[in-house]
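Here subunit A shows up in two complexes: once beside subunit B, once beside subunit C.
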Partner chain A sequence: MTLLDISELTLDLPNGKRLLDGISLTVAEGETVGLVGESGSGKSLTARSVLGLLPSRATMGGSVQLLDQSVLDASRSELLSLRRTRASMIFQDPRAGINPMRTVGDHLTETMRLCEGRSAADAKAVAISLMEAVRLPRPEEHLKQYPHELSGGMLQRVMIAGALTSSPRLLICDEPTTALDVTTQAEIIGVLAEQRESRGMGMLFITHDLNLAAAICDRVYVMSAGRVEEQGDARQVFRNPQAAYTKRLVAATPTIVVARDTASAADAGTDAAGTSTSTATASAAIDGAAPASTEPMLSATGISKTYRRGKEPVRAVIDATIEIPRGGALGVVGESGSGKSTLARMIVGLEQADAGDIRIAGRERTSVPSSRVERLEHARSVQMVFQDPYLSLDPRITAGKAIEDALRLHRRLSTTDARSRVIELLEQVGLGDVHAQARPRTLSGGQRQRVAIARALAIEPDVLVMDEATSALDVSVQAQVLGVVEEIRRERGLTVLFISHDLAVVRRLCDETVVMKTGEIVERGRTIELLGNPQHAYTRLLIDSVPRPDWDLEAVAAEASELEDPVAQN
Partner chain B sequence: MTTPTMAMKVLRAPRVRRSSTTFLVSAVFLGVVTLAAIFAPLVAPYPPNQVDLLNVQAGPSPAHWLGTDALGRDTLSRMIFGGRTALLAPLLVVVFSTTVGILLGLLAGWRGGWIDSVLGRIFDVIFAFPALLLAIMAVALFGKGLVAPIVAMSIAYAPFVARLTRSLIASERSRPYVAAYRVQGFGGAFIALRRVLPNVMPIVGAQSTLNFGYVLAELAALSFLGLGVQAPTADWGAMVNEAQAGLIGGYFLPALVPAIGIVLVVVAVNVIGEELSDRIGGEIPA
Partner chain C sequence: MTTLRRVAGKLGALLLTLFLASLLVFFSRFLVPGDPVSFLLRGRKPSPEAVAQVTAQYGLDLPPWQQYLNWLTGVLQGDFGRSLQYRQDVSEVIGDRLPVTLLLVVMAGTMIAIVGLTAGIVASLNRGKVLDRSVLIGLTVLGAIPSFVGSIVLIAVFAVQLGWFPSFGSGEGFLDTIYHLVLPSIALAIVFVVLVGKVTRSSMVEQLGREHVEVATSRGLKRGTVIRRHVFRNSIGPILTVSGVLVAGLLVASSIVEAAFGLAGIGTLLVQSVDRLDFPVVQAIVLLIVTAFVVVNAIIDVLEPWIDPRAAAGAGAR
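Up next is the complex of A and B:
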């Protein structure tokens, strides 16, 4: 039975901008429908229209039919009853969607008491059973807790339980796991699938993550710029995309599974270019066969960092040792709180390591630089690209000026020389002189991150640290930025330390990878081997948590057997 | 990792801003008053202290649009000349307090630690004294006139600016773009003065604009008490003071006109200050 039927939905703003353009989609009972697309594609707006959560001055067209109720011409009271009984929604950031001053119990029982007139005891009993259903460990205790006492994953379970209090027929999930770690994501997805199964709900699942959509959805709609580009059976759409946009999106999505032919093609390409010997050096280093004739570009030996805030000291990094050969790329993978960012901040000289030794190109770079000379030398050794390009550029300074400042700080250049070098750098990252005059506000996320990369390259550092540098970007933009980084590595032999929570991105860029967990490096090795044949239990958990469609599992098994390792997979 | 989606942006988009009429009226009014004060000798119909004993405490007439006071001086002319001290003194206070406040706030916010704590306590102490009381103390110590109150008020208002600057700088300091400057090798002084400070200046400027209104009212009160501008110099506060005696006799105009002048200017300045801080507030990235 069809729960939701959207047909020819349009949404126009008063300024004439059309945000949704003829969206048609259906969700049946017991079905999970994915709505995938990049930011600005209108997927969230489409989903919100189902509950009547629309921009106040927008003009709507078409129809949204939820069971027997038409949403677009529903009165306020009809909308209320629709939200109370038929459909619920889970949002991206659970912390933003819950009142921090009220307990979890208040949040869960409020609607039941006020809307359904249940008694407090009755509502509490229902809340506890729901919390058990979403696998919260101690329901009775959680009822009295405040949101700040729960982790993001637990809070998202509370939000799911809250959405289920009204026994909705349709559950709308708007990027419910985007703000969560990958292992937590796997748990939340498990809970959602279980509830859908047992309640026979329909589920409209919005995500930017193609792998996630492929793993859990029966059918998917691919959206771009307010239009549905393609729709159909999930397997069909992702394995054999028809629309050009879907093809691009699928191609841009990094995966931890690499088919044999593409991998060898990539290797051949690198070797043919003859500029990068990173792969060879990397494997030599791993084998331990090659003597240390060439010093590693970056070596951090036994570095530790402990924060002493509050009562309990937090050991952010514990005795970490990493080494990157000249021109190599090392990935550091871990979940939030694993200490990977602290490691990066110590290497670039933003934090002082408590113990250990950091050397870049043979020069001591352990301490935070203080004098002007030290600062400049440290900066020429290592540069950093930060996670969020919206925050890491000065809002008042134009792109060209930001790069020019960095250039002129380190080298004496005439104004005209500096200007032409700025244009050169911008062109190197795929931008042009038109972008030199632009303030960050007017640039897109991908463009900003390119400016940040150009600014780092202006100083011509020995090592470039990228701290989650693509995780705030859309997949297609991420692919472009990664492409830029790969090209620069090929051309300049730049040494890169790439920090990420995303195994697939690391897989694409890095020869070697280390896995961090609660401050410690638990596993290290060549990226392919590490992904194909993880030794540490945590690495296996990380890899297993990465969402992937079941048809990919066959490929993983194939790849693992190709490695011809005596240790059996799983 | 958490990218705001299009839907959120649309829902949060600010309303299309009509350029507010009250703001425009306020700006024009303040502009006219300022110009009149600057070009007072050209604009005013009479010299401010010209006595016309035949027309004492006269009502509005074609010769004296706003009437005359107990000495037969033209109220309109005195208003125009009085605007000079009434506007210049608060301007000086705002300039001094903003300069001092920004420097101290920058120091406290950027360096943090014990400097922040010490400065914070000093600000607390100054906050404990009403600005007017400080001004009166200054007059008691250094004699009547405008110089001592201006210095005292500057000290009294500096902590407002300093507090604001401190909190803005402290929050700005933890932003990634500051870390990015450090990684590039820029020194702390350069980042603080040349990069971070200009980013917070608009908000501090809006606050200082609001301060202007408060200072104007308080200095007028000081002159009204006879401690500020001294006779025979024309000043709005002093004019209200001089016209007190006439109030009992029913001649309210010489007191009412400067009082209304003070109220209108303060309201206009506040409207402009609020509007400025609203506009800037909308552009500050979260």
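Up next is the complex of A and C:
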């Protein structure tokens, strides 16, 4: 039976902008349907239209039919009853989605008490049984807790339990695991699948993550710029994409799947990366670009950091030792709270290590620089690219000026020399003259991050630290940025420390990888070897948690990359 | 346990603030030109003996720190000294006038709360629409009217033209006093309504855009319920903070309104006493205002964890 039937849905803003352009999709009972696309594709808007959560001044066209109720011309009370009985929605960020000033118990029982008129005791009993169903450890205790007392994963379970209080027929999930760690994501996905199964609900699952969609959905719709580009059986769509957009998307998606020949080659101890693999992703790993050198470019030996805030001291980094040869790229992988960002901050000189020794190009860089001269020197040896380019660039300064300022801080340059150097740097990251005049507001996310990289490279640092530098970006944009970094490494032998929670991204960029868990490095090695043959249980857990379809995505990726190089798609 | 420790900490900070304020209040006298003795003996040609006698009588011959200690000991026992102009105990002089000012401030405060909150809430719920803009413009215009101008306009229209309210004095008995204070409290409230209104609006608008509000809506809660339980509830913090700061402003601004309406309150007394160098009265009133301000804000601080549970977890969890 069809639960949801959207046909020819359009959404126009008063300024004439068309955000949805003829969307048609259906969800049947017991079916999981994926809605895949990048930011701005209209996937969230489509999902929200099902519950009548639409921008106030938008003009709608087409129809949205939820069971026997038409949503677009539902009256206010019909809309309320539809939200109370037919469909529920789980949002991306539970920390933002649950009122921080009310208790978890209030969130769970609110609709039962205020909409269904159940008694407080009755509502509480239902809430407790739902909390058990989503496997929250201590339901009675959680009822009295506030959101800030729970972890992100637990809160997302609360959100799921909250959405289930109304026994909905359709569950809409809007990127429900994007804000979570990969191991937590696997648990949440498990809970969702279990509940969908036992309740026979239909599920509309919105995600930007192709691998996740491929792993859990029966059918998928691929959206771009307010249109459905392609739809069909999930396996079919990803294995044999027809639309050019889907092909690009598949190609841009990094994967951790290690092709068999690569893995065995790595096992045999031969240098597999970049030579024997035929896959697009693996060939990106660079070697040979690094001239053999005995002294490492970056070496951090036995560094530790303990924060003494609150009751118990937090040991953020414990006796970590890393080394990157000149021109090498080291990935640091771990979940939130693993200490990987603290490690990066100590190397950049934003935090003081409690113990240990940090050397960059042979020079002592352990202590946080205090004087202006020291700061400049430290900055010359290491630069950092931050996660969110929306926050790391000054909105009032043009891209060119931001880079020029960094240049002039370190070298005396005439205005014309500085300007021409700025253009050179922008060209190096695939931007140009026109972008120098642009303020960050007018640039896209990918362009901004490239400006941030150009700024970091302006003073030719020995080491570039990238802290989750592509996590906030769409996959196709991420592919562009990673391409830029690869190219610069190839051309200039840049040494990179790449911090990420995403194994697939690290795999694409880094020769070697260390895995961190609660402040400690638990495993290290060549990236391909580590992924193909993990030794530590935690590494195995990380790898197993990464969603992956049960078919070979590599072949599709290789095929697609022959058609079009994503890096060239600026 | 932690709540108790928090409250104790706040109390300590409160006492320290009051102590520092008392120092400032007392010693500022020595920075101001003018000599209390010559005021006391005004109109006469004092002989040096008379001057010495008055000086000794009021303890003005002692070193400043000794004078401060004497004053502070008295203050702690409720004795603020004797007024130079009224030749009465300061506590009596102030006690006579305090009720009028307190009532004026309470009435104005109630009006500010009702009008300011309503205006802010209405504007925020109609954001970007004509109603929102008219409320904002209205508030801004009101906020630009100085209290004394507002007082005169109110008197001219409602007391003189329409004759609905008295224009002068504070009346006899409780109800009559309230009746007399209607116009003054409106005049006093006008300027502060704009502050509360604008803070309420921006705080509500911020919360309206939050994802948890959309989640609440998506669950089928009525709009009124969502606004009340999730938007307004979460907006209280900033509104309360601003209200705390307003207290001192209200007490000080009341002097202008009291003067315009001929009310015998603390405000007029303060102005008069400054004029006549009646230091004991000035010190007592200033200390009173500071105390009121500090205590109200300390109470708001202590309430913070109930308003925002994240505050109870300390700065680290924010």
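By our rule, the second predicted complex is superposed on the first by the 516 of 570 C-alpha atoms of A that agree within 3 Å, B and C clash if a C-alpha of one lies under 4 Å from a C-alpha of the other, contacts with A are read in each partner's own complex, and residues count from 1 in each chain.
We adopt the following convention: a contact is a pair of C-beta atoms (placed from the backbone, for glycine too) under 8 Å apart; a residue touches a chain by one contact, two chains touch by 3 or more.
None of the values given here were measured: they were computed from a predicted structure.
Undergrad: Return first, second, both or neither, reflecting whether A:Ala193 touches subunit B, subunit C, both chains, or no partner chain.
TA: neither
Undergrad: Once the structures are superposed on A, label A:Ala243 by its partner contacts, choosing first (subunit B), second (subunit C), both or neither.
TA: neither
Undergrad: Contacts for A:Gly162 in the overlay, against subunit B (first) and subunit C (second): which applies, first, second, both or neither?
TA: In the superposed model, A:Gly162 contacts subunit C only, not subunit B.
Undergrad: Where does A:Leu72 make contact in the superposed view: on subunit B (first), on subunit C (second), on both, or on neither?
TA: neither
Undergrad: Which partner does A:Ala28 contact after superposing on A: first (subunit B), second (subunit C), both, neither?
TA: neither
Undergrad: Answer with first, second, both or neither: which of subunit B and subunit C does A:Met89 touch in the superposed model?
TA: So A:Met89 only meets subunit C here.
Undergrad: May I ask you to name which of subunit B and subunit C touches more residues of subunit A?
TA: B
Undergrad: Does the superposition put A:Ser81 against subunit B (first), subunit C (second), both, or neither?
TA: second
Undergrad: So, A:Leu413: does it touch subunit B (first), subunit C (second), both, or neither?
TA: In the superposition, A:Leu413 touches no partner, neither subunit B nor subunit C.
Undergrad: Let me check the overlay on chain A: which residues of subunit A are in contact with subunit B and also with subunit C?
TA: In the superposed arrangement, which is not itself an observed complex, subunit A uses residues 53, 93 for both subunit B and subunit C.
Undergrad: Going by the contact rule at the top, pick out the subunit B residues touching subunit A in the complex.
TA: Spelled out, the residues of subunit B in touch with subunit A are 1-8, 10-11, 13, 16, 175-177, 179-187, 195, 198-199, 285.
Undergrad: Using the touch definition up top, name the residues of subunit A that touch subunit B in the complex.
TA: It is residues 13-14, 19, 39-45, 48, 53, 55, 58, 92-93, 174-175, 178-179, 345, 348-350, 369, 372, 375-376, 378-380, 382-384, 386-388, 390-397, 405-406, 409-410, 445, 452, 455-456, 459, 468, 471-472, 474, 501 of subunit A that touch subunit B.
Undergrad: Please give the residue numbers of subunit C that touch subunit A in the complex, ascending.
TA: On the subunit C side, the touching residues are 210-212, 214-222, 225, 229-230, 233-234, 307-310, 313-314, 316-317.
Undergrad: Name, in rising order, each residue of subunit A that touches subunit C in their complex.
TA: Residue positions touching the partner: 51, 53, 80-85, 88-89, 91, 93, 96-102, 110-111, 114-115, 146, 148-149, 159, 162-163, 166, 309-310.
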